[in-house]
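Down below is the structure, laid out as structure tokens.
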Amino acid sequence: MIEFIKDLLRHIIKGNKLYYTWLSVLVLVITAGAIAYFRQLDEGLIVTNMRDQVSWGFYISNFTFFVGVAAAAVMLVIPSYIYHFKPIKEIVLFGEMIAVMAVIMCILLVVVDMGKPFHAWHIMMTPNFPSSLLVWDVIVLNGYLIINMSAVTYVLYRAAHGKEYKMSIMWPIVLLSIPWAFSIHTVTAFLYNGLSSRPFWNASIVAPRFIASALCSGPALMIIVFQIARKVSEVDISNEAIQKIAELIAYAMGLNLFLYAAEIFKEFYSHSIHLAPMDYLFFGLEKGGEHHNVLVPFTWIALFCNVTAFILFLMPKMRHKFTTMNLACVMILVGVYIEKGMGLIVPGFIPDTLGEIYDYLPSATELIVTAGIWAVGALIYTLMIKTAIPIYKGELSLIPKEQRRKIPAH
Amino acid sequence: MKEKLFATVILAVIMFYVLPGLAAAETDIPKLTTTKPPFTEGIFPCSSCHASMPPNKEKRVLAFHPDIQLKHGGNWCLDCHDSANRDMLHLANGDLIPFDKVYQMCGQCHGNIYRDWKTGIHGKRTGYWNGDKTYYLCVNCHNPHSPKFKPIKPLPVPAKPLEIMKVKSTVPVVIEEKKLYIPEYDKANDKANEKANEKDKSSHK
Amino acid sequence: MRRRDFIKSAAIGLGGLLIPADKSDASMWERFFQKYFREMTSEEKKTVAKKLEKDYQDKTGVAINVRTTDSQPGVKFGYGLDLSRCIGCRRCIYACVTENNLSRKPQVQYITVLEFKNGEKWVSDLEESRKYYNHELVPEPGHFYMPVQCQQCANPPCVKVCPTKATWREPDGIVAIDYDWCIGCRYCMAACPYGARKFNWAEPTVPPDQFNPNTHYLGNRPKAKGHVEKCTFCIQRTRENPGKYPACVEICPVGARKFGNLLDPESEVSRCIETKRVFRLKEELNTNPSFFYFFS
């Protein structure tokens, strides 16, 4: 065992110049984020641009996006375990690791948003369950983290013993993880959806849209990460698997755009007073002689990205070409990041419940702290891959060296 | 003897039915503490000057009361003030009432508001919600000679979202004997508010 | 070991890692592990209140009084606001700031006075409201005013969403907050349809010589950064017997504000409901406020 840990550390340390540059950049960003966060702890959330009018901002926007990314795993789990689609089965582990990373980032993003994070334990003493959706979210997010961690740990544990995982143990985890993945989106969507005070969120289409867009952003991130992973390491990810994921994204994006269009139609056609937040997103609002339109360019960029990506994914020719597919993936990430982030959270508060319009954009502190959390996520994923790949490949093993034989890739 | 007994019974019956009725009529107006009418200093009692002056019912510019501008329907002084007893007011039926029961005077025309005032819907009360209350008189808020409520200066504008830290200090102002603390903003904030206000105004046009 | 105890000891361990070492004196620990107000015995409540008094005196040299008075039986507070009288003078805002020891910097105000142009749409989403009107004199001709503060809902969305039960509805109808139990997630602010809940974005400051020494634990006692607060119908005044009117009622120069016991048919607010046509803000949301607007 000690030998194994030593080996593990050796594998983490081992790396080329690019690897070390990458790590130092991440550590640098994390340090900057930590410094900014300690300042926020000291002075209070006044260092953000959030105020009573827009009381959730960039942190919660990023949280919402990463809840979506955490869906990555389930996109792979369904075809691989249920339909035994071989090419994807091999990479399911990496998808689950993305889920682990994303959920950890979600938890961090919520913690930095709290006014009194040291008192977060109060939630365990007097949980307002089942009334508060936030308690539900704490439960489902932590549950999802545990499920995916156990799946990853189990698969790697077996691999370290040179064995393939047993389906009898994997099945319950898989069966639990699929509804659970849907639950984290549904609960997070309900978190906003249930507030009658915010007409923009109080639409029953919010939860389905969450799932549809999550099924785009998570896999899009995976496609990009997988290509990087197979470039910089020896992990073998087949084109077939990537193509299959791309195909699934096309369907999901189609559904997402349809639901979005349904929402846009309803708002603009009925043209009730509840149109204001949507109007703010697309055209800006006029009030007291001032034009409030800071989110307008972002909204249109997001829409352009999502539609273009959908077209690119839809056409098999484009989908099969790696350059266009990667372009489409990046566009989806940008599009969904805006749409499911700032584009969902901020308009919920604009106009605020008393009709005031406060043009919220994140402060430098919010940007730096969030960047720090992104870097934490990237660091976690890098280290997970760095250790998982050799274990998976049999280079890092619990089997004593002399007994070891090279196990074939599954 | 019988007659006497009969008379007593009758009297008792009458007292039983009528007296509570009289008492009810008395307490129809709730027992209340009112504030004092807002007299200009030294002006009351009126009789100290008017006792020696013969009443003049003619509508004219009042030489001694130039501040009084009568903008209250078609009324003239002696419609309310009594010419015989200068320190009292008189109702339409001729009953004399003191100045601190002025609500009876106002209630003659403004019956709905008088009714609302008695139940606490109209007007202001201070004191205790479950104890003694002080009722403000009509004339504490409405100048009886020109009863329309006069515009007043509002207290400072609240700070805009990104300017909640730009408060230089808070200073006391005294309103109705109560000390309130209001903010003084940093200069930049004042300018921003002025600007916003200008914009506000121009957009209204 | 009971679940609570276990969690508590786990939290102690975690807290030990997180709290900056230089501040971790005994008093701070005590504050950190202070119990949930609703689970305190009345003895514990008194101890905690005494401690608050002492802390404030040690810090500023000013003596204050922190009460923990319970709600009175047979009382449900209600509030009436006569929109045909309000002139938008903002005296209520600052009477409230003064009475409730609201932070001067950063500026915290429980009451928002909104201005509307006559004939403008205004009831539901209030999107034509102007909060920053700045006239020489009020009322501005052709405009009317609507003050908004916590509506003390019977069906409060903020209580529903609070993850820690740090906010709840008291028997007398006041929606209270245990400031020390609030974790500052601001979910209640998102849920409140009336913009009533205010967050302490930075350490709240009130000059000690301006501090109102008569306080209530659930009301105007000293506060800290990172938690939510809001109007409590001046709990420190109205819970007493006899109880004073809230500060905003007492200062209103036009007598537009009415306060009293909804269960007493003779109270001002009951008479308003009985004889005037009242409405409540955003009634379509079914929050069932104890705050009634009317036109006399």
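Lettered A, B and C in written order, each chain numbered from 1.
In the analysis below, contacts are C-beta pairs under 8 Å (C-beta built on N, C-alpha and C of every residue); 3 or more make two chains touch, one makes a residue touch a chain.
Treat the numbers as computed from the prediction; the structure is a model and nothing was measured.
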{"item": "Chain contact graph, described as a line, ring, star, complete graph or other shape", "value": "complete"}
{"item": "Most central chain, Cα average position", "value": "C"}
{"item": "Pair joined by more contacting C-beta pairs (A-B or A-C)", "value": "A-C"}
{"item": "Centre-to-centre distance between chain C and chain B (centres being mean Cα positions), rounded to whole Å", "value": "31"}
{"item": "Inter-centroid spacing, chain B versus chain A (mean Cα positions, whole Å)", "value": "65"}
{"item": "Distance from chain C to chain A - Cα centre to Cα centre, in angstrom", "value": "37"}
{"item": "Junction residues of chain C - those touching two or more other chains", "value": "106, 112, 130-131, 201-202"}
{"item": "Two or more partner chains touched - positions in chain B", "value": "164-165, 196, 200"}
{"item": "Sequence positions of chain A contacting 2 or more other chains", "value": "46, 51-53, 288"}
{"item": "In the complex with chain A, residue positions of chain B that touch it", "value": "161-162, 164-165, 196, 199-200, 202-203"}
{"item": "Chain B - residues contacting chain C, complex", "value": "116, 119-132, 136, 141, 149, 151-160, 164-165, 167, 169-170, 172-173, 175-176, 178-183, 193-194, 196-197, 200, 204"}
{"item": "Complex contact set, residues of chain A against chain C", "value": "43-46, 48, 50-53, 55-56, 110, 113-128, 131-135, 138, 191-192, 194-199, 273-274, 276, 287-288, 348-349, 351-356"}
{"item": "Contact footprint of chain B on chain C as seen in their complex", "value": "75, 80, 82, 87-91, 93-95, 97-98, 104-109, 112, 117, 130-139, 201-202, 207, 210, 238, 241-245, 249-255, 258-261, 267-268, 271-272, 275-276, 296"}
{"item": "Chain A residues within the chain B interface of the complex", "value": "46, 49, 51-54, 288-290, 358"}
